Every structure is written in structure tokens, then in C-alpha cells.
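Note that subunit A is present in both complexes that follow, paired respectively with subunit B and with subunit C.
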Partner chain A sequence: MSPETAAATSARPPAARIEEELEVTAFKLSEWMASQGIFIFTAALVLFAVVFIDGFASLPNLTDVFNRAAPIGIVAAGMTFVVISGNYLDLSVVAQVATAAVVLIAVTNAVGLLPAIAFALLIALAYGIVNGIAVGVFKANAVIVTLSTTFIGLGLLRWLTGGSIYFGDSDGPIRTFGTTRIGPLPLSMILFVVVTIVLSLVLTRTNFGFMVRAYGSNREATRLAGVNTPLVVIGAFTMSALGAMLGGFVLAAFSNTAVSAMSDGYDFRALAAIIVGGTSVFGGRGSVMRTLLGVIFVSVLTNIMVLTGLGFGFQQMAIGLLIVLAVTVDALARKTRAS
Partner chain B sequence: MSETAQPTASAEAGSTASVPVVEGRNIIKRFGGTQAVDDVSIAVARGEVHGLVGENGAGKSTLMRVLAGVLAPTEGEVLIEGRHLEPGDTRAALDAGVSLVHQELSLVPEMTVAENILLGSTPTRAGVIDGRTQRRIAGEALEEIGVSVDLDEPISRLSVAMRQFVEIARAIARRPRVLILDEPTATLTPAETDHLLATLKRLARTDLAILYISHRIPEIFTLCDRVTVLRDGKLVICDEIGNYTPDSMVQYMVGRELQLDMANRRIDPELGEVVLSARGLQAPSVNDVDLEVRAGEIVGLGGLVGAGRTEIVRAMIGADPRSDGETTVTLDGRRRRIGSYRAAVNAGIAYIPEERRSDGLALTMSVSDNIALPNRSKLSRTFILQRRRIAEFARSLAETVNLRPPEIKREAGQFSGGNQQKVVIAKWLGRRPDVIVLDEPTRGVDVGAKAEIHRLIRELANDGAAVLVVSSDLPELLELSDTIHVVRDGRIVGVLPGVGTEETEVMALAAGQREVDAA
Partner chain C sequence: MTRTELEPQPPANEETSPAAGGSPVERVRVILSRRTEGRAVALLMVVWVFTLLFEPLVWTSYEVTLGRIALVGLVALGLTAVILMGELDLAVASTLAVSGVIMASFDNLLLGVLAALATGLLVGAINAFFVVVVGINSFIATLGMLFFLRGAAFVLSGEQPVRIADVDAGIAFGQPVIGPLTPRMLIFIVAFVALYVFLSHIRVGREFYAVGGNRQAARDAGIPVTRRVFTGFMISGFISAMAGVINTLERTAADPTAGSTVLLASFAAAIIGGVLLNGGRGSVFGTLIGASALGMLQVALTLSGVQVDVQNIVIGGVLLLAVITDPASLRAAAVTARSLVQGRAVRQDTG
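After this line comes the complex of A and B, so read on.
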């Protein structure tokens, strides 16, 4: 070896080592952020809002935040099952939320509340089963499948309704649900909390939830344990569909109106809440309670932007940025754990 | 040579004639705690075909990957024509003229033969792919190895053997100085093998240095000029082929100082009726396999990596689809057909797969959850998880397999390899399996854990389970098995008793050095 090359090789390692150390630090940091970050960030954000943002800590504003957070939160809680099962996300919630809202109001107006709920439930089961069979049995890509079922569902809804707006009866049961409060708390918020607790228990305490987590953690090991894995996937998409249906109900009750375009962006907002909460898009890791925190974080952030006069465009950009940040942290954290 | 035009270069060229084309000096490669290659020096000269042989896990593939610049050695240096090769820099190795033909095929199935041969060095003209040059170079490379195939055929339509030839053409198209081949004949028929060996001999005469890795002894004798034998990562001997006999080579490969630990061997095990039985099994890499395991019996499946042992057991229990044949499990006089993997599990078969990290464990879940997974129906009659029962159940099983540390709430991914394997075994023990199939149960496991896993396997058999073990670890196979079936090319080529069989007998059958009529 010539002296020059010897010098070159010995000069390279220190720089490489620093680079390596920086990388290690970044990985460790992201591991921490993915596992613990959301608790601190949510607390910090709320604290920041209370102290620095005028009008944040008022009852009307907080009620408004929760009213807006409730439908997204319920949708996200259901979709968490799909994400934890390792199937990325359920884009079809956009169509499902709008369909459930329109069905609730239109069918209640025409026939009555109970048939409306039964009909919406049938539609939700259909979504869960169709998405679940395509993904779980035929191993089709979940993103493409649910993007397509969104198109099919929204297309059908717009075709049937002609894009018209449905108004609920001004003293009907939906209106009552949307306006009832228990103390200062709107009913929708209580429903949100109940759904979150129930779904959280389903995920952590039932056989089904256990298999969803196991499947998301390692499909092959779960199959080799003798689990009927297609059924697990169908179940996960059905949970997502039920969440979307309830989210649609709450959204319709909030304004006592329904229109096919009312759920635009619900897919990404729900996903943002799930990933920001720390549930891994690689599957197997996460919880419904994390999604709850994620929803609070995203909702408070959005509210801060509204209160400080940052427009819808800015909000949209911020959500996009947040998702990119969260999935990058997720990927780095996964790499750290693997090594 | 063009270098002779310049005086300085000619001096260099003169000296390189005596310098080996590729040389590894005191190569050491460690993976974690295991020493895969331990201080091995090797040199291959121009025009030489150098054979590299050894048992499974002897370090052949690791050494080869170090020489090809794919892996950085822990210590030592690789020289290409006397020049230092930057370790772990695949591009630099390619530029230096090292071409590696992988054991696992690395072709793009959707692309054509011509596109694949020039993958990574696609010729372009003004940024546009130059299809004509691409086809010409690809055509020349294929001609050189004497293979005719449509250049525009997508790889996915070719046979596995033809893909192997395309892979070699791809290495040749780079005009290498060193060609490294790792088990290139594993997927070839005898006629194709002969053709390949003849081609390689011819190529060597064109001043190429060839490093040929194989555990097939007849091939080594046909092809190689010199042979290096590795054992347990160490160099045993490097000599001219004329100084070996097939028997002496096998002896060098397996003759370890380590004595077999026969003290724990089961003596006169009590065998019951045939429980697990497969007839006429056909699947990819499985050729007409018949296999029987009795209650209380440990049957070992020996053979070399890639012989088809994993494929046989997976086809047998329905974990992979089979094209023909039948598996049955007979218990208490009741005979059940195993048509699917779930049927196998329901019939009482437990399967511990070869790849525990990818197939055996949910690494992000706790030990307790992993153990509960195949035991759900037993642990909770309703759909609610009975967490306390699961924890108790997991704790007792963790104790049975001696999990270290015995923390069942810890994520499975945080345990050592040996303890992860114990978890995989524990989760199936909970079902009290009547049939247990273990694929490489102690690979990558430390000595202590290995002894404990052996103890568990013996206990299972003593309790009357039918046990089928796949192992590449010859001593393990000899210590555990009551009967050994040796597999080669997806067939069972010999059945040997567990007692009194020598390592060399198994090895000779596995390597095809001794031809025995298949039973």
C-alpha cells in the first residue's frame, strides 16, 4: 500500500465514525419519539395553547374542538385495527363516513331512525367484508383496494343523491342527539370516549384483538400458529367500517345535515392521528389509546392554526408535514429496534 | 496486452503474472459472537480453478462474500492482482474485475434475458438505452458459455436451470478477472451440470481465475486444479487435487476434534405405531418422498443446505402446497389426512420453522403473547382473553424450557437467539403435541441452550411424541436421531440407523460421493 492511500484510509474512519454516531443518535431519538413522544408532545402542545393562544382555553372553543375531533377520532379508532394488522390504512373511510351520514338522515326522514341504523350497519359490514376479502384472502394491496372502494362508494353515493344536501328534521332524534349535552359535554364527545374505550378493550383484551396484533407483528408466524388469518384481516377492516359508520353518524348529528362531500380528507386526518399517536405503519405496534392522543394532538394543532388565522391551505400543509415526520420517525425507530 | 505500450505498465504487468489474481490474507469474519471465518488465507492464480469445500456452516459462503467485496472482513485484507480491495465496496470489487454468481438467483423476473445480463451496466446512447449493443453483449456472453436462449424472453418464463446459466452469462458479460461461483449446480440436471463444468474449464483457460464453491465432491474432482477445505471457519488444508482422494476429502471436511456427546443418547427407545406418514410427496424441490415417524421415535433428516429438507417437511405438513402425495397422522387408531396446514395443527402437529425470526415469532409481542398464540382455544373459552391464565400458562412453559431471563412480559425480539428458539418451542409444548417437526432447532444457538433444546426434544420423544428433526449439524443429527434419512436433490437417498453411523457415511451420501440406490 502506498503512503498516500494509507493516509487516505486512516483519515476516513474518524469522519465516518462521527457520521455513524450521528446516525445512532438519530435512531435512538426516533425510538424514543415513536414510543414516548406523543405523551409529552400532546401535553406540551396543550400547555402551549393554554398559555399563549388567546381564546383557546374557553369553554365554547374547547367544545368546538371536541365536536370536530369526535367524528375523526371515532373513525381513527376503528382504522387503528387495520394499521396494527399491518395493512397500512383504510382509505375507504371517506366513502363510508359520507354514506353513513347520508343514510342516517335520508332514511330516517323517509322511514325512521332504526331502519336507518340497520341499513347503515349492513353497508358497513359490506365494506368490511369486501375490503377484508380482497386484502386478506386474495392478498391485494390494501391501499389500492380501499382507494378503489372509496371511488366505488363515493361514486355510487353521488350518483344516487345527485350531490344534494339532506337536512334532518329540526326536532327529530338526530337533532336531539347532536344538541344534547350532559353537563358541559356534548353527547358526541361521550360517544367518542365510549367507542375509544370499547375498541381499546377489544384490541387488548379479546382473542380477536390479540390475533390482529399478532398478525400485524408477524403474518407467517401467526399463520403457522394455526390462526385463520384471512378472517383476522376481514375482522380488522370490519372494525374500521364500524368506526367509520359511527363517525358518519356523529358528523351528521353535529350539523343535522348530510352530503356526499362532507368527509373529504377524513382518510388522511384519521391516518395522521393514528401515526402521530405512535402506532406503527409496519403493523404489530400501537393502541387505540395512542390514537386518542393523536386525535387530541392533531385537533389542538388545527385549532391553534384556526385561532391564529392560518387558513385551510396552511392547515392541510401542516397535516401533510406531520404525517411525513411521523412515518419517518416510525421507520427510523423500527430500524433501531431491529439492530 | 495493451499495457505493454507503456514501459512502467509493462513492468507491473510482468510482476502480476506471479501475483495471484485474487488473494485473501488472514481473513477473519465474526458475526456477533460467532466466528464464521477464522484466519483463512487463500490465493487463486490466473487460469486456475480453485475449489472451496466444507460442510454446512464451514464458512465457505462467508469467505467467498468477503473475497467478492460484498462483506467487510473483521480482520485481514483482500487483494485483487496485488491491489488492496476496499472492504465491503461491491462496486469497487466489480470494477476490479470480481464477478460473483450468487447462490440465490438475483435476476429481475419481469425483465428480458438481455436486460438482465446487462443489469447495472446497461449501455446507453445519449441517455437512451442502446438496445442493439445490449443484445450484442448479452448474445456474446451466452455464446461464450454455449447456451442458446431467446434474448427477448422474460426471465420469469425460463426454467430454473436456464436462469442459472443467464446468471453466469451476466457474470461473464462483465469481463471479469475472477469468477466466483457458489453452488451453481444445485438446481441443474446431470447433463446441464456436465455442460457447465466443461464451460468453466474452457473459461479458465482464457486466463480467468475461478473460485468454485460446492459440496458435491464428484464435481470438485472433475473441475478443480487445487482445493481448499474449510471446517468450522478454519482452513484445514489447501492442496493440488491430485493429492486428494474422495474419501480423504470427506475426512478433512468432517474430521473434527470434537467428540460426539453420546452420553445423553437415548438407549433402546420405546417405539410405538407409525404416527406421521407421508407417501409419494411431490412439491417444488421435493421428489417422490416417503417418510414415516413412529410414536416415541426421533427421525433425523440430514443433507446439505439446499437439498430440499425444509421443502420436504413443509410440503409434508401442508405449510407449503404440494402437487401430489398424501400425509396422514394416525392417533389412537384414528387416521387423519393432512390436507392443509390448519388441519395439521388441529391433528396435533407442532412445527418449529427454520427461520424463527421471520416465521416463528411475533418479535414485537411479549413472550407471554407468543406462547398464547397457538394455545388460544385452550386458554379462553369465550372471546375475552384470560390474561391471568395466559400469564400462568406462559410462566410455567417458560420454566419448562428454562427461559433466560425468565421475563415473560418482555418482547420476544429482545431475547438472545437461543432463548427465542426456546420461546418457539415453548409455545408448541403447551399443546402437548403428538407430532413435532423441528427445522434446524439449534442453529445460531449457544452451547448451553443447545443442550437444553436437545433435552426437551428427547423428553418429548420419551413421552411418546413422533419427532422429526431437520439438522445441518451432523453431530446433532447423530446424537439425537433414532433413524437418519439423508436427503439429496429433494429425494431420500439413504436411511441409516442412529446408532453406529459415522459422520462420513452421512456426508458421503449427502454429497453424492457414494451413490446408493434410493430406497
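After this line comes the complex of A and C, so read on.
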């Protein structure tokens, strides 16, 4: 507090001063929670799980947590670009993850691994470009655009596959990737960390990353600075699509099967992880490293609920609440920064 | 044409806008340029032509078609009230599911209906609280509610469809009462008329346009913005809950997974109906036309034996088309296209 404001507050009557200070403390608390809270909360949750939840700290359970966290984490890391660019979220990751998983297994069975990856890459680019053009060029609402591309994409996938399950080769490279692990860490978790580091560098060290953050904090200023803003949005949605594709690969490798319904709930798990990590839904503020922490938080929370016998319904309720709470803290912190 | 005639000022109601001067043709042009329903009418025409040519069954079995329009349209009506204020309510489909489950878990039918409707009002109030008191973006706040309520519907129902206690009442509810009109259609018509009167002839409703057009200006003009936003979200929650009650009664069981197609179709109906996502412009007429077009399209596709998956592709495509052909979207795209063509010239101008 600067000397002037301190003098001003001390001149007021004590009751008003206390009230004001309380308000300032509350705002400071929300600001602190939005920026630093995730570190404490994640540590506390993990500690709680280790101490109180039977079977959490066992090696098979930890491997399971990692196996489930990795695909969501890779999806969330990519989607972080969309959130930071101020476009709320990419709902279509549900369709993208399932499509990538089915393409990886089905096309590998039919043609080979490399054509499968190439085909999935093309589909990811198509998603990134369609979402990006609708949001970046036509300035349409990202939630509505990605809601419609979700239905188009899932509809196409279910129509073409007839909802059937695809099984991978029992000793192919996909299976090998899915089963290899180093200590408790499956290969997918290591890939997740690598993806996080790479995307983090893209966001913080490249021109593109800088423009995404700039666009998220002030669209008009970024446009006036001569940045090709539609391209920035297309880029952000393409990063999200690439993350969803890799996430789909990892998910397919984990079970060595693929089906169009396998990615249910990836949209809100990824969003919850991003927001809980402290990336602002108002755009401009956040990092991929924070998303990593958010993913750990959401995955551990989900695991605790599974271990204590709370089903999918309770998990959805909890994650819905978590999103609203995290955004509330974010909104309060924003008010603090503004004042 | 003078400049004043060209300015598109909300609210654009033909009854109130003075179509000043000029020939009758000119006057019609002015009125048309102020309307927002153009795209919905175009879609409806296309659907009419195609159904008349390829699937006349849509017209002969009009009871089915009307029922479908009422299904799509009812939730879209509530959404219209929220979107007019520049907000979104993504929780409508989950509200529908959870209120259906709540209704079915009561033994007494009347109590169940009341509880379900109260749930809808409560959900609307909670949404509005987060949007206007806490200051969270409505997309994200209602998205959180969407997941929360969907989970709640699963938990309350034990992830199973819940049969209603009074099955006979449910079956009776599905029967026509006046001519071919079932209670669902009657409720839809009543809701439509009520919302039309509310939004265009009652002061509180007309202020929705002001809140959506320019919130700060509305506040400065003395409009209680917070209360209006609460009213809007509660209308949307109430109507979604009513749709949940109707669905549950007609099917004699509550489906906790209900509503994902409803979400898509009702948004498509409202947006293609010309309700501007940024708020301030649109009408329930547009929503009605949009819902009619989509309802007929769905019935036509079903009757031609098209799978649900393909129907979702079509409706998703319509929604995507609807958001990018919004006048504001087209303007934005035109600006981008122009700057691509003459990029250097524009940059020199501004620099």
C-alpha cells in the first residue's frame, strides 16, 4: 500500500476502515488463489489422498492415474492456446479425440501406421482450420461454433463406423507404446510432459505464442498493431486440434481399442484442468505448465471419487462445480487487478 | 432512401417502426431491412420445397411434424429471452433432464410438476447470479451448470430411466385435446404468445432489448439490469423445466441422458431465427420460423430413413451456417477479405 492510500484509510472512521480492509483482504485472497492457489491445492489434495484414501498410493493405482491423466492432459495442453486467445474453449475435442483414436487403430489395421498418422494429421488440420476460420474470420462465438463442429464430427464418425469397436494388433507398435512404462510412469505420461514442455516453449518463446497471448488480452490493439489476427485464431485452434489428435492416439494406445464414444467428457475435464490451473477464461493470462498442474488436480480428484465409489454422475457434478468455483475466483481476482 | 430509414435500430418491431414516406414498395423494403428473420424464412422455404417434392408425408402426417416443432421450439423460446440480452444459457438441456428426473421421482403428479418447475426457476436464478452478480461470462457459468446438472440427473436417477408413478396420466397427456393439438403443442402456443406479448408489449420485456443492445446505456437510463438478467435466465430455466416435464409425461419415464440433441436444435432455431448472439436484436417470430424449419427438416429426414447420426450432421451444419451467416459475422469476414486483397493499401492508410 502506498503512503497516500495508507494516510487516506487511517483518516476514515474505524468501522469503515475495517470493512474496507476486509474487502481488500478478500480480493487479495482471490487474487492469490487465482495465481498461486493451484500449487497448494494440488499438494493438499495429493497429501489427502495419500493419507486418507486406501489404495491411492499403490503402484498399480498411480499408473492408472497417469494412464488416464495423460490423454486428457495432452488435450488440455493444446486447448490452453484457445483459452488464452480469449475464445473460451474448444468443445469439439470430444469429436477430435475419438476420430483420431478410431483412425489410428482402423487405418493402421487396414493400411499401416504411417498412413494412419498422416490421415489423422489431415483431419486435425481440417478441424483447426474450420473452427479457426469460423471464429477468427467470421468472428462467430467459439462455443457455438465448436458445439456444431462436435455434432458434425461425431455424427460423421458414428455414421462411418456404425459405432463399432476397433481392436488393434495384439503385438503392434501401438500396443507396445500403450504398455511400456518406466517405473510407475507409462510412456504416455512421459509424452504428456514432453508435449507440455514443447507447447510451453511455443507459448512463451515464439512469435506465435506471443501473438496468442496478446490477442487474448486485447484483440483490437493486436489487430491495430498489424497482426494478422484471423491467422492467430486459426493457429490457436490448430494447436488444440493437434493436442486432441495426440490425446486420441494415446487414448487408443492405452486400451489398444477405439470406439466413437470413448472420449465422452474430455471437453469439460480438459476445460476444468485448464481453468483450475489458473489460466484465465477471460484470455491473455495463463500457461501450459499450469494446465499440467490442473490436470494432476482433476485426475487425482476423479481417482479419489472412483476409489470411494462415486460414479460418473458425481464426477460430472464435482467437475461442474469445480469449473464454476475456479471461474468465480478468476473473476474476483480480475476485479482486484482492475481496481 | 434517407439515412434515418437505413439505420437498423433495435428493437425492430414492424408494428412500432414508422415506415415513413416513399412508395409502397419502398416502405416494404424498409420494413424488410429492419427484420432479422430473413435467414430463417430462406431455410423454411428450402425445407418446404424439398419436403413437397421428396417427402410429402411431412405435410400429410402433420401431427408428427407439429409435435416435433413444439419440441424443438419450446426450449428455443426460453433461449431467445436470454440471447436477446447478449447472454447464453448452455444449461437448458441439462435443466430439461434434471427436472424430468425430479418430476418422476415424486409419487404425486402435481407435486412432481411443481417441484420440477421450481427447479427450473432455481437453476435460472443460480445462472443469473453467477453471470450478473459474480460477473462470470455466461458461456462458462452455464457450461459449468450444464455439467453439474447432467451429473445431478445421473445421480438422482441412478443412471437409469425413471418411470413416472401415474402412467395413465402420462398416456392421456400424449393424446390430442383440441383437434389434432396435443397438450405439448398447446403449451408451446401459449408460451409463444405469452413471450411475444412480454417481449414486445410489456415494458419489462421491451427492456430486454435495451439490456442486450447496450448494457451500460440501459443502466444509465435507469433500467434495473441485474433484475432483468435474473428474469431472463429464470424464464429460460422455467421453460426448459416445462419441456422436461412434457417429455417425461409423454414418454411416461424420465431419461437422465435426455437433451443433447435439444441443446443443438434449440440453439440452431434461435440463431437461424435471427436472434443476434451479441444481444439486442431478434424476435420470437424468428425463433418460431427457425424451429419450424428445423422441426420439419428433422421429420423429413426421419421419414426418409436417415440415421440419427446423419441428422446430427445436418443440424450441426445448419447451426454452423447460421452463426457464420449472421450479419455481424458476414461483415467481419468482409473486412478480413478486403484487407487480404488490399492489405498493403489498408496498412498504409492506417499507418
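Definition applied: the second predicted complex is superposed on the first by the 311 of 339 C-alpha atoms of A that agree within 3 Å, B and C clash if a C-alpha of one lies under 4 Å from a C-alpha of the other, contacts with A are read in each partner's own complex, and residues count from 1 in each chain.
What we mean here is this: a residue touches a chain if its C-beta (ideal position, glycine included) is under 8 Å from a C-beta of that chain, and two chains touch if they have at least 3 such contacts.
This one's a predicted model, so the numbers in the text were calculated from it and none came from an experiment.
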After the superposition on A, what does A:Ala318 contact: first (subunit B), second (subunit C), both or neither? second
With the two complexes superposed on chain A, say which partner A:Asn207 touches: subunit B (first), subunit C (second), both, or neither. first
One more residue to check, A:Ile190. First (subunit B), second (subunit C), both or neither? neither
Subunit A residues touched - subunit C or subunit B, whichever exceeds: C
Taking the superposition as given, does A:Leu307 touch the first partner, subunit B, the second, subunit C, both, or neither? neither
Let me test your reading of the model: by the given contact rule, A:Ala118 touches which partner, first (subunit B), second (subunit C), both or neither? neither
Determine, under the contact definition given at the top, whether A:Thr222 touches first (subunit B), second (subunit C), both, or neither. first
Determine, under the contact definition given at the top, whether A:Gly284 touches first (subunit B), second (subunit C), both, or neither. first
Subunit A residues contacting subunit B in one complex and subunit C in the other 224, 226
In the complex, go through subunit A and note every residue touching subunit B. 1, 5, 204-211, 213-214, 217-218, 220-228, 284-285, 337
The answer for subunit C against subunit A in the complex is residues 88, 90, 130, 134-137, 139-141, 143-155, 159, 263-264, 267-268, 271, 277, 307, 309-313, 315-317, 319-320, 323-324, 326, 328-330, 332-333, 336, 347, 350-351
Which positions of subunit B touch subunit A when the two form their complex? 84, 319, 341-342, 345-346, 351, 353, 358-365, 369, 372-374, 376, 380, 383-385, 387, 413, 427
In the complex, subunit A residues that touch subunit C: 88-89, 134, 137-141, 143-145, 147-152, 154-156, 158-159, 224, 226, 230, 268, 271, 275, 281-282, 311-321, 323-324, 327-328, 331-332, 334-335
